[in-house]
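Consider the two complexes below, in which subunit A is the common component and subunit B and subunit C are the respective partners.
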Partner chain A sequence: MTVTKTEAPVTTASNQPHGEGEPAGSARSERLSALIQQHGALAVLVIVSLVASFSFDSFATGDNVSNMATSSAFLAIVALGMTFVIITGGIDLSVGSLFALGGVLAAWGSRYGTLVALLLPLAVCGLIGVVNGLLVARSRLAPFIVTLAAMLGARGLLLAVTDEGAETFLIGKGSLLAELGQGTTLGLGNPVWITLALFVAGAVVLRRTRFGQHVYAVGGNEDAAALMGAPVARTKILVYTLSGLLAGLAGALNAAWLASGVTILGNGMELEAISAVVIGGTLLTGGLGYVSGSLVGVLLLKVIQNVINQIGSLDSSYQQVVSGAFLAVVVIAQTWLGRRRQLM
Partner chain B sequence: MAEATTLRTAPLDRARVLQWLQTYGVYAGVAALLVVNVVITPNFLTAENFRTQAVQVAPVIIVALGMALVIGTEGVDLSVGAVMALAASVTALYLGYGLLPALLAVALFAAAVGLANGALVALVGVQPIVATLALMVGGRGIALVLLPQLEDLRNPALASLGSGDVLGVPYLILIAAVLALLVAFTVRRTTFGRQLLAIGDSRPAAQLAGLPVRRVLIIVYVVCALLAAVAGVLATARLQASDPTSLGNLMELSAITAVVVGGTPLTGGRVNIAGTVAGAVLIQLLTATLIKHDLPPSWTQIAQAVVIVAAVYAARGRGRR
Partner chain C sequence: MAPPAEVLAVRGLSKTFPGVRALDDVDLTLHAGEVHALIGENGAGKSTLIKLLTGVYRPDAGEITFQGAEVSFATPLEAQKAGISTIYQEVNLIPLLSVARNLFLGREPRNRFGVLDIARMNSEAEEVLRGYGVRVDVRRPLRTLGVGAQQMVALARAVATDARIVIMDEPTSSLEPREVETLFSVIRGLRDAGIAVVYVSHRLDELYAVCSTVTVLRDGRRVHHGSLAELGRLDLVSTMLGRDLGEVRAEGLTKFSGDHQATDSEPVLEAHELTVPHRLHGVSVSIRPGEVVGLGGLLGSGRTETAKAISGALPVRSGRVTVAGVPLRGGSAAAAIRAGVSLLPEDRKSEGIVPGLSVRENIALAVLPRLSRFGLVSEARVDSVVDTFVTRLRIKASSPHQKVGELSGGNQQKVLLARWLAMNPKVLLLDEPTRGIDVGAKAEVQKLVDELAADGLGVLLISSDLEELIEGSDRVVVLKDGAVVGELTGDDVTEDKLMRTIAGDTAATAPAAEEVAGDG
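Take a look at the complex of A and B:
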């Protein structure tokens, strides 16, 4: 059901430029493919949400929407960091482990106060991000293998901290940290507001700062960026550090929300984050991407997940099938759109 | 190189050591671990222990063989763990018709996954990481949809496949050995092997030389998926249970590690099958050593992470020279 509905607009959209006249309509067709690239996910999100709210009475209720927003928030923060990494042409597979590690460290640190509970995960996850960045940028190792190793290492560290996963640290009720994760402001959970603030900051950094321009330049063409004088290595180290920091922060907030550092979280989260970023129109080859698109991508994944949960008869593993198929369709569409643009 | 010999001798020695390490380091590592274990681990030199280690490493070797081929084309296949899970589910579903029909069904499903991977990479032009990522997520999902939970399998033929032996050598080890020889032969002695390496070296050049690039790439991904399926069936046979939730988890990481530690560069164009087998054995021995000395899994994982990074770091210099 959902598969056909969500896929339809994307596939028809990707066929559209094919129908245009080759030389005459090329400018229009180029603009169209850019438009689809940037806003295709948003259109699909609106359609899926509308269909879902007509089909299920419980979908568009305040409770459900606020639940979806809060559960999207943590993935969104991770996806924000991932967006920066992917725009530089890299990939960060360690975020799922860092998310879990961040949560456990925050819960462990909460006995020493909120400040420690927030700074400890940021410090450790940020440090792992720095190591990732150094290995990728200075030693020129392949990003996926470095971050895959970091994924394993961070998971090992998590096990070491929690007595091989046997111990779960709790966050005391009424502490500032618990309030940060569980409290609400204007009807929406605090994590949602934090996420929105981070995305605004992320968009400004990416669009309006020199660092943001370097991120695009490095992803567009590394050699050209280096020749122009952009600090390639420093930019790469910074994006991996940022990704680590944000994954740790997301984990800490999630732990505050759950009131405990759950050790088994974050499995497969790197895939969800990458899917969200790609669905949002960021090119995996680097050089092109949107922070806002990643947010839309996260929401789309969570809405699909919610719809599958609403259809009670469907097993939750359908979520994985749909996500995988969706990712494939989006990547195919992107490749075609990109190829058309290159031809022009 | 010749210039360097006459001009600078000291750096060359270092370079030579590095080169030697890259080629033979993995064998030296295996030998060192064996010696260390003989000295410090009680009951290490028993046939039973070697048998256990070999049976445990066999599925990893089989998956790593396919991974080596894919990496040789400058690709990577993240969906191998999902294919193992899929093989476990499909085996459980079709075992009622007998072992052979079940194996055929598994082969069909695996070939379909490989075909999808290959088509995305070769025809559409998607990066291998992303194409196989989609199948990694979707594949395990399909495996869980087909068989939502662990199921015990009671089939004498399957049981004998998992635990039977010929002259004391388990079937698992024999199958892994035969497959390793077959893959090594294919890479070294067949046109297909040559074409595969040429594509990994430079895809545009291979294209210009008139090689059937798309066909070779698709076949490579299908073969990789089929090998992963074999590993999945064998692991299921050994467990005597189908476990699509956890079978093959992180297998892609183990396989890539074995390939890289074994001296196959991630940049493609070269495949070292003997090294790949030794790489899988090295990781297995390392894990076994840590576990036998009661080091917790956390340290095992951290040690593995360090070994991976060290191996990739050591392999890095070769691409430049």
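Take a look at the complex of A and C:
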């Protein structure tokens, strides 16, 4: 944004008289583009689900839906934190490792009761998030590098706790923690309800609190945000902390669901979460995004995965091919929409 | 009636940057309800003063008294909280956020649960903005508004934060005339509400329309202050440029030899009615081979933009450029270079030299494609070109392999010049070729310009140094607010005439008078 006085580019927007003199078409087109950006993924999800339920008898069954929902829940919680980070213009690569670390810590802590099993992963992963945030905000290091280091560090920590992965901690049956992960309420797994509650809270925080406004402002134009009085550093520290906390929580719930802390989980999960967030309409460059979109993005990834599993003849390796192609299409569409909207 | 209260008193403010005394012992007093014009040419210290007032920089010496107490702001935020708001030429808001959310960021209305009250925020935003002539759906992203409307939102935000002083840094540079009117009525409203306004602009008409007092800065010093109405336009311009009207022109201060043998041949370059929205309004310039045409005018009058529009670096909405009779495809710098138009940009650091590369590489950069065959560069031919220009332009470097970043400003400028001369241009556009270089190097560059013209090149010279402009040019085309307001030829090429034309003194030159009437 450093444009010297004489060379300020004159955008076509500046030729528009403001207010009533504006051509109505551009506003309508702008709204349409915004609509596609925000709800495009939802439309695709609905279409894919409809086609799948007509094509495969086993797709729309209660069991299959419930399974998909539960397996989506953990990724969704991670993607929720990622949404906040990406809207500030950052990235968090450490969440996959934190997810695994959170699971192992929860399983290890379960011998001391459910409270410890939940608080320990939150404390450790939250702390790593704080460090990520401090390094990004105060030391002005690139988020990519900072969280990459955290990703490696957390994996190391995980191996240290589990004696190089040789030891697997189990969660006893019948404990409150196991109930939290494995039990169902109204036909859906408890993790699903927890996820929904977190997303509602996340949406309120993002759209309806000052902190949420600051998240958008920092990602939209950091310098302007600082000049407008937004606490830029604090906002960044908070989003990385939130991302760490949610990754830890997701890991703990996942461990409760599996009844053990599995060390090999979470590999590549950070990329899956980023994909879901981007598919959901959040701009990778920051400043624009929706919590609901990320949820839709996660569901879409999981539905595609499920559909490929239903096609028995197709190797499940193709899952990733399809997911990758889908992500590419979304990013191209986003770029196209963005360019189109800027042209107004 | 008691005089209005003093809101701000600045005493002896100084700021030095490495090698430059940016601000030297400057005083400034602002009263409630005063609209104060702050003017000065490039490098006069305006932006330094503003940045000191708003906490971007810390002063080396001097004190700032704000509302009776001495203050020292560490950040722009502190200044803003205390009541000094600034709106910048570049709109500093969040483009993707809605208009209302931008307006209220950090002070959003909240309900009793601590959650934002969106409905109230939107209705209040709509009401506030109506007062600024902006009638839009405040839920739309700010980005979708025109620049003028965005500027109004920034202004509304600045005022709404309980400001006692509002500093406006060239607020009208991207506004339509209708929007300028709205801005003025807002400023008058601020004045009536007892808010002090510091107004920075180069448009004299605007200053006289809205300001009551003035401070003129030059070379970091305050050279004039007082009532604006008592200072005539001509006096204002001459104070700003640092020239006494009666001052006899001292001959021979520059290295220009005087008039060139401008041939009567066809112009090598003709720019016709160049128009760039908000920047240029139908600017026409023609240059004949061997002629140095000066572009006169104040900062922001469109000199740089004219050069850029000619060279294809700035897209034009209408108008055409012909080089040696051949029309140039607009908006393409590559086409202009191929046709033989070379621009030496104003800001050589960001737009010219590559400091990490050697003298040789910098010179050869543009001409490389011509020195290569099948994509392979002939080292021998590069060496010969580089040698030629290092000798001809007297570039002082330890070797052609020395990094350009290590050279002095004057030699850097010569390297740039060499780069374009290697292209064998027909027309050279020089934007402030001697700014920021020492006296000796300045004289050398001036001498070079002379020699190049003598060799038959057409030269367009832009310079804020009046002496350089007057003595270096055979003709001077005078710009004001992006339009040509006069042309000085022959004996009329004097500082006095130039200043009169800039000030819009109709007695200056006959053609100038006509065009002033035409352009309003």
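Here is the rule we use: the second predicted complex is superposed on the first by the 320 of 344 C-alpha atoms of A that agree within 3 Å, B and C clash if a C-alpha of one lies under 4 Å from a C-alpha of the other, contacts with A are read in each partner's own complex, and residues count from 1 in each chain.
Please note the rule applied: contacts are C-beta pairs under 8 Å (C-beta built on N, C-alpha and C of every residue); 3 or more make two chains touch, one makes a residue touch a chain.
Since the structure is predicted, the reported quantities are computational estimates derived from the model, not experimental observations.
**Student:** For A:160, is the partner it touches subunit B (first), subunit C (second), both, or none of the two (neither)?
**Tutor:** Only subunit B; A:160 stays clear of subunit C.
**Student:** Have a look at where A:221 lands relative to subunit B and subunit C in the superposition and call it first, second, both or neither.
**Tutor:** So A:221 only meets subunit C here.
**Student:** If we overlay the two complexes on their shared chain A, which of subunit B and subunit C does A:204 touch? Say first, second, both or neither.
**Tutor:** second
**Student:** For A:275, using the defined touch cut-off, is the partner it touches subunit B, subunit C, both, or neither? Pick first, second, both or neither.
**Tutor:** first
**Student:** Which partner does A:54 reach: the first (subunit B), the second (subunit C), both, or neither?
**Tutor:** Neither subunit B nor subunit C is touched by A:54.
**Student:** What residues on subunit C touch subunit A, complex-wise?
**Tutor:** Residues 76-77, 80-81, 89-90, 92-97, 101, 105-106, 108, 110, 114-116, 118, 133-137, 140-141, 143-149, 152, 157, 170, 173-174, 176, 178-179, 276-279, 299-300, 304-305, 308, 314, 346-347, 350 of subunit C touch subunit A in their complex.
**Student:** Touching residues of subunit B toward subunit A in the complex: what are they?
**Tutor:** Contacts found on subunit B: 76, 116, 120, 124-127, 129-131, 133-142, 144-145, 148, 250, 253, 256, 260, 266, 296-302, 304-306, 308-309, 312-313, 316.
**Student:** Could you pull out which subunit A residues touch subunit C in their complex?
**Tutor:** Its residues touching subunit C are 1, 3-8, 10-11, 13-20, 22, 26-27, 30, 34, 204, 207-210, 213-214, 216-217, 219-221, 223-230, 283, 287-288, 341-342, 344.
**Student:** Write out the stretch or stretches of subunit A touching subunit B in their complex.
**Tutor:** That would be residues 91, 135, 139-142, 144-146, 148-153, 155-160, 164, 268, 271, 274-275, 278, 284-285, 315, 317-325, 327-328, 331-332, 335-336, 339 of subunit A.
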